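Heads up, there are several structures right after this.
In the two assemblies presented below, chain A is common to both, partnered first by chain B and then by chain C.
Here is the complex of A and B:
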């Protein structure tokens, strides 16, 4: 490959800097000994120690994890069925389904949050874990379906034919052929859903109730009383965990079996 | 002896296209039966209908005297070797071969023994822990074969089993396929568009074109007594011309063609007059360089158009008076000397019984 022109390399570098400088500064300051924010007074991990000692933060972390796991699980369950169904009956109603399933991803989150709150109040659903899990599924489900369908498109129906011919019932085809072959996409979708759920603020803000404070909500309430280094430390942890999840998700999706079945034009 | 597989008036349409058009066929136990036809002739669809992967529009499929129309694929005593093998990429060779037995809920020791026995038959010992993508084309082919055969199907269906292999490997596998079929003594129904492959390995052949089964017979019958010009053209190279029968006598007819002298050829019973299509196989064309020889009833003048050297034999292409190109196939030892040159005029001859007339 030809070497890129220097100005382009510089532009690319600047873009990355633009994206990551805030995150780097945040992580850096979380190790600052100073309690006053932006002036460097030496290296310290005291804020992390303080963080771990704070029971309300631990509660919020556990809440966040429970909600992320549940919304991921139910999104996968529904998403798998939906993705397989849409791929199998692609010629039928799948095209408008395709648009409808993606819509929640582009609807402004604040609208979605308000709308969900209205629905829950109208249906008298108590606000709390349940409402947050359902709220998160509104964006996790489309995400899961998009990722699974991308993988399913490379899935050759001849494998299902072969399995059925070898004695597999529809259920066996699903459990022995379809799901194992989708595994990289399933793991990838799960990690991504998990991350998005863990980081969500807007929808959670609207549909959360007492006793269901998640980490992003906790961060928000902490900065209302001022920017403390503790928030920096908490944010730094969340950034690292999220990036690790997204990285793993990407890794799983790119890991693939060879799908190199050629099709000849014979009857 | 009862027939193992009987198709009766089977029709299958894909939208507007009639893929299988009223096909009736009886296959006997232990037979190696080939369905031969060009691409798009509906032969693969016919195989899928037998396997239960496609549901026929009408007609019945009987396997071992049981009508299986309503049975799903996993309930039919047949297994299929798919064209591109369709090996499961996330399973080892062992798991691929064991898949059918696992579905039957056989015990682990049973499965292991059966898979290992099958691996010996299809020569895959020592490769059981590999994944399909780590195997060569020929090995993948044998996994597909083993994966189907390990279930001891009543009928094994093979969809273009050798099409994805290169020439040399294909010839080896042809022999091996025949050998395995004799070893397991199972009925094989094989779809192919390679006529040499079908002629070599089959006990009987069914020729299919445009969804219809045109002729069923032994390789010899198909080659020497094709029932129609379509069959004749598809089975082996042939030279042909259209003409009119003027008279017939004891299985021989006389044919008029505007560019040729009066020709004589074999003619089927019942064909007495009207337009016919005459076929002469390339190996029956005799070349006379100087003057026609009296041993043959038919003589045509021709001009050498091209020569193709194939090692053990030589193909000559000739241009005839009606501008058609005919082929002669001459064994290495019988090549005329001095060598024929392009543009040279000479005579092509064949005996009356070496050509045959067909009614279309």
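Here is the complex of A and C:
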């Protein structure tokens, strides 16, 4: 194969730079000793120290983590049922469901935010942890289903049939064949749901109540009330955490990939 | 129910299936119906909703001021989509055709911004664009500009923020689409004496269409309803539909009119989604 055209590679690297330069500058400035502007006054971790000393940041972090764990767990539980159920559906029923399940992922977030806000107010659901967890599940559940189904469609139903022929109950087939084969997708979906939940701002902004401030809400209010260098430090931490999550998810996905290659060659 | 599933499923999976369906019905489809319902109701005296049917909220959409904001949002969303496609394609092609060792690294590098907090990535541009920001420091240092430019809170800042924010949503589907094109087709074009430009024009670009369509939807729809970008980089003066909806709901407390705006936004998004799912791309969806 011939080498890639040089101008194209150059343009590609320019785009990559465009993606990374602002974030790298953000991380760099978080270590700037100067409180104002962009002039470099030496290396300092004072903004990180200030950040850690602020109890409201700790509270927001804990809130974010609790909400992310709960919404990921329930999305996974319901998502498993929905994905496996859809897979075992008779042909023909599933096609409209395919479009419907993707809808929450393509509808503008702000619309979901205001729509959920009104439903919670009308149903008199108190705004707080519960409403945020439900709000996050509205996009985490379809995300989980899409990832699980992509994996489900790749594996051969012959394994499940064989187990059934050998007298396994439907519960045993589920726990000994289906779920173990889904494991890489389950871990991948969980990590992505967790990250998306941790990062969500728009839906959370509309359905949060007093006492349920999450990390992105905290960042938003810090940006709004005046730019302090602590925002840079907090933002830098959030970027690094996202990187770690993507890295981990990637590791599991690539394991899933090598698993499916081994599996295909043996059959 | 016996006829719905082709194989026997454990009862627990069936419960979870119906539980999940009920959840989406209650917290996804019902909220959308509520938006429609409230958009046809009247505003109460103190900002609540009075259930008196009216089309007034939709009539107010015809207001020239609303027209300007909708038009501006459409222009920004289209601009962001086009620029993302143009600058995203070279990167996507490079990743899709890289050797396996490079590919994993490049793909991870593209994935990281995709999953990095959108708010934080937008905030990074405030640091760059404000009067004492890095771009101005750079321009003055190089003597291009003697006075700091006011870059923040401009149309330019909003457009830039949308492009930057949604670029990964264009690049990833493009990578998938380009990877599906057999390199043999490119070889064949070169063997038949096509220039590099002609090869791209007649082989790669037409075959990348599913990627452009998917990426286009993923950039256009969120850009159209964007809230964070116009709010933080437009500073409230450069309104888009998203900032207007937020204002109607949380500042003016006019839920019925806010709902009508939301419904118009959803209508635009759904029509687009419907058109796209009828194309060949739609049939290859999971």
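Simple rule for what comes next: the second predicted complex is superposed on the first by the 251 of 267 C-alpha atoms of A that agree within 3 Å, B and C clash if a C-alpha of one lies under 4 Å from a C-alpha of the other, contacts with A are read in each partner's own complex, and residues count from 1 in each chain.
Methods note: a contact is a pair of C-beta atoms (placed from the backbone, for glycine too) under 8 Å apart; a residue touches a chain by one contact, two chains touch by 3 or more.
Nothing here was measured: the structure is a model prediction, and the numbers come from that model.
S.K.: Would you sort A:32 into first (chain B), second (chain C), both or neither based on which partner it touches?
M.R.: neither
S.K.: By the touch definition at the top of the document, which applies to A:162: first (chain B), second (chain C), both, or neither?
M.R.: A:162 sits against chain B, while chain C stays out of touch.
S.K.: What is the contact status of A:223 with respect to chain B (first) and chain C (second): first, second, both, or neither?
M.R.: second
S.K.: Quick one: classify A:141 as touching chain B (first), chain C (second), both or neither.
M.R.: second
S.K.: May I ask you to name which of chain B and chain C touches more residues of chain A?
M.R.: With both complexes superposed on chain A, more residues of chain A are touched by C.
S.K.: Once the shared chain is lined up, is A:242 touching chain B (first), chain C (second), both, or neither of them?
M.R.: In the superposed model, A:242 contacts chain C only, not chain B.
S.K.: A:12 contacts which: chain B (first), chain C (second), both, neither?
M.R.: A:12: touches chain C, not chain B.
S.K.: Could you look at A:213 and tell me whether it touches chain B, chain C, both or neither (first, second, both, neither)?
M.R.: neither
S.K.: State whether A:180 touches chain B only (first), chain C only (second), both chains, or neither.
M.R.: A:180: touches chain B, not chain C.
S.K.: Can you pull the chain A residues that chain B and chain C both touch?
M.R.: 169
S.K.: For the complex, which residues does chain A have touching chain C?
M.R.: Within the complex, chain A touches chain C at residues 1-2, 4-5, 8-9, 11-16, 18-20, 22-23, 25-26, 29, 36-39, 77-82, 84-86, 88-91, 93, 98-99, 101-104, 106-112, 114-119, 122, 134-135, 137-138, 141-142, 145-146, 149-150, 153, 160, 169-171, 173-174, 192, 195-196, 199, 201-202, 206, 216, 219-220, 223, 227, 231-232, 235, 238-239, 242-243, 245-247, 250, 254.
S.K.: Where on chain A is chain B touching in the complex?
M.R.: Within the complex, chain A touches chain B at residues 156, 158-159, 161-169, 172, 176-177, 180-181, 183, 257-267.
S.K.: Over in the complex, which chain C residues touch chain A? Could you list them?
M.R.: Result: residues 3-10, 12-21, 23-24, 27-28, 30-32, 34-35, 38, 87-88, 90-91, 93-95, 97, 104, 106, 108-121, 123-128, 132-134, 137, 164, 167-168, 171, 183, 187, 190, 196, 217-218, 221-222, 224-225, 227-228, 232, 242, 245-246, 249-250, 255, 258-259, 262, 265-266, 269-270, 273, 277, 282, 285-286 of chain C touch chain A.
S.K.: Which of the residues in chain B end up touching chain A in this complex?
M.R.: 19, 37, 39-45, 48, 51-53, 72-74, 78-80, 82-84, 86-90, 99-100, 103-104, 133, 147-148, 151, 160, 163-164, 193
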